[in-house]
């Protein structure tokens, strides 16, 4: 089989770098054009010194000329910049697979886009979370895929069995502790190492974080048509680690439920998924176990006194939370083995 | 005025060391006996190298002979060990002020003690959280004080204005990200630096953490007699920092409420408190701002879409969360200025 | 005694914030004007949320009008900006004590300044390291003081007894691992938390770091006139912690020397210093023991096989490494007790 | 080709876990027995939760019965325990490849072993650092291999071109900042996260660390027979990161040398090595770039004022510093491609 020729737009950022790290381990691709914006013309070896085999590559500008002629194009661009270049690429060659790591095509509701991101809604593409019921079929052979946000990935997968099985009221609380790479590589004072180390903080409190409507969309989708909307209280925390999200999710029980019943429902829901790992009962997720991997670790229990189901999930925001999902979706789009080039093994300690 | 002579039992641990750090900055005390268990006979300079002025002190055994003859005795012992020595001390001298940094005397309900700690309940002492309504009066002149747990301190103070003012349903969700010093100095593999750095994890999930009944007791107390019990869903997280707790707390609104109304209620509730600092509106707490200090930083908002009030609080688990509170209580017990030897200024960055 | 009125220019940065943290604990000062550059007009509570008692202060512009009328002015400005404002302040009032936390007035050799900093040399002020032989007298009553750099402080104090006593050849190797706050609060991509955590790196390798000539000047000064110049190989490392420097220093032995003899020389050299703590023999310094404090911890041994004396020192780069030294110098300049408002007790763990 | 059947003794520790992580990515092996000591009988999924594909494996005891019948046996045991089991394994089947990740067979000089490790010297096996001149040939087809220590790996590779080319005097200073996983998984108070975070410390100062004679042996070997012994002043530092070593190495120049000449010598020395990456001139190594990978990053310059060559190297202590090297040696021993199952791509940020 001929290797697929793949381009990455936005190769100097964290998402782009992680897509490249994954592609370097993928046996069926050849890495083509790498592009940057202000970094065009610079050596990748300086910008991403961990990607040794690509050290001599020079970044090209992000434009149609550079990106055309590939089988797959990954877009790892700031939100709002994917729409135009995607349009151009597919106008030139409708068969090119465009995989957007940004938020532009994730939301179905234009008003939610406008409220949380501003500007005009670019459209809605197949949503790259194959572990959602029915979603894998949408991605097979797709030429446009919207990679989910990192918080929505772990929040959705941690709550999906409870929501889909009707174990809880559609009224969830998610508090997700995240590493800093989710905030990107743009230098801002509050993201300096001096500020981050030894520090935990909350941000986007009160439902104002942009991933809130995406979590709502995913969970509400599990209720089925006419199932109504899941109320989502989402609070992201920044904690002192470079990667990883730990999502603590809970919701009121609909009816009495034992911890064992909850566990069994989770185990069954994910029985056929290679990347979602329901831990042995009593063992709780930690982010380090999934560092660098495409795995999601999940555990669940019931708090009888509080009348709530409590589930915790861990993901690497850059891997399964972004780049790993992008590769998984590429595999599905191209008809390759879904796990090709991916691993469920984390780098620990 | 003669300086008060103060002893610290358990001087080799994190709580004991932090009590000593505070005492070294207190103008009205003289540091007397320092005791240890397995560390008796060792130099404090080896065990707590940051306490330079006490470097030449040798730890004595924790017994009546060593601890008698002081005006104040701080107990920083493992849970369950405070009862007997406290009894002996006060039998010998009823006027000695005994301040227990452990859990032994915090809970009012013996069955809660037995369920969460095991063994026999030692009793209930005045609870050392002066910021709770009416509590300061209980502590003035007291000779026995139970220092609150670290999670209960920040959870209670972060939710108190909402509960006391009836802004929310008595059904709260608390997810609290903690540094590792709360787990103490006993060496356990999961607390190794290699395991902790780059890692976030949940533990005590489903209401099984020992601080759960203490949070419940505090919040329910705010409902008044016959006010019933507040349902508490509490999940502690371990995140990679040595100190600090960030508590994200939420509850369903009882009636429509604006963020401004919530903020005003919080600002008013703490208007006279020197150590609880409601941040300027829109600014969210971070643990580093309170490192080493007796301050608690709090902020609140309303999530209209989710129908919840969301409040976040930050505390240093060893300072206001343990040793600072102990000093504050000592000041109240001795009739000194409540803030003597304490600071609201954190060590940052 | 009337409290001295003190201003801080550059109050929004790390050095300025740390000077303020120290001033808030000082019993003989009153905090006057606080200034910023691009931050003028902003609330200190937003910029330095840990300085609660100053939360309502607004930053003024850094100019003569704002800074005049104080007894003491601390300059915590970018290198090269102290000269002009210092000149204006002392032209207006020759008795004002100006303490420069920057590098402008540290070097005696104009050509060293030009080589390492560029631009014109502003001059040489009394050097604020009272622990150097003869230096304390220079600082008593001084109206202009140059606060030493953080690396030079710890490197000099760690090697001084060996150099001054002629135990080693004048040919030293210093490798100093530093926390990130030394790099300041200006946002640069390589200082992001995502880059810093889990990472150690070298910079300024090969003698190119700006603190190299200052270390050379200090150590050579210990050789006395005509003593020649100490050759200094200095390599700074960036390691994942917000504060602290650990300097590993070594030099060839001049003549056979036992570890005990080396230790005794160090103990004797610092016998009368309250802030330099030679640890018990066999116990090695760690930065956390001095966090937030004005202490320097030092230890020394002899490596017979390698024929070298090896000494290690720890300092908090922002405290004794900058702001603590500045306060210590102010005390000397004003004739106050040298340790007033300072502590030798670190915040640990 | 039939996959090689591989066993790992000591699978619950950090070295054993990392060997397994590497084996899971290796296309030509099948993972056989996994053994532990006190952990025998426990699930690997509990002990090493990041190794998801092996989660259901139970640890067997470390004995001949369990370990026999494999093509390759990796020993990741405490120092001093490899000798006996290795002897038994090769007595039973002389063709089994035994790869010792411990120190037992690294040193050539029995007296050095006795001085630094105590007890009887077990012997000397081919030393698994193929990048040393002539060493690759020793490893091809070997059935016994001693994996180098982590500090010696990076120190040797960082200095080898300078020593082998006679650029410097045989008198080197190495200061190496290490992450904590090198200290293993046994719980000790000074390795607790609470102690490690925000802290840098020195240990084994004065040439007392056990890796000192191994570094000396390697560097002296580069001088050739009759070349004498390289004097090594080695100081290890513990810094707050889980993985990685950054070694700062210097030595006096033998004769005038430009930075360019030094760089060229390094580039030439490693021109054919796939895992030693001399960075572009002016770019200095950082540990994060090599996290999880088998790469070593190196840079060199000349400090003219100090008369020294200064080189810096970065390695992942668990990967190329232990487990990656073990796999690389296995490949050589079995006649496989040397880089099979290994990567030069780090996990960053």
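All chains are identified by letter, namely A, B, C and D, in their written order; residue positions are counted from 1 within each chain.
Everything below uses one rule, namely that a contact is a pair of C-beta atoms (placed from the backbone, for glycine too) under 8 Å apart; a residue touches a chain by one contact, two chains touch by 3 or more.
Here the structure is a predicted model, which is why all the values come from computation and not from measurement.
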| item | value |
| --- | --- |
| More contacts between chains, C-D or A-D | C-D |
| Most distant chain from subunit D, judged by the mean position of its C-alpha atoms | B |
| Distance between the centres, which are taken as Cα means, of subunit D and subunit C, whole angstrom | 38 |
| Between subunit C and subunit A, distance of the C-alpha-averaged centres to the nearest whole Å | 45 |
| In subunit A, residues with contacts to at least two other chains | 14, 179, 181, 185, 192, 194-195, 197-198, 240-243, 286, 288, 291, 349 |
| Contact footprint of subunit A on subunit D as seen in their complex | 14, 17, 21, 24-25, 43, 45-46, 48-53, 55, 181, 197-198, 242-243, 277, 279-280, 283, 286, 288-293, 295, 297, 343-349 |
| Contact set on subunit D toward subunit C in their complex | 171, 173, 175, 177, 179, 192, 194-195, 197-203, 205-207, 212, 231-233, 235, 237, 239-244, 246, 248, 250, 259, 284-288, 291, 299, 301-308, 310, 312, 314, 349 |
| Complex contact set, residues of subunit D against subunit B | 14, 179-181, 183, 185-189, 191-198, 240-242 |
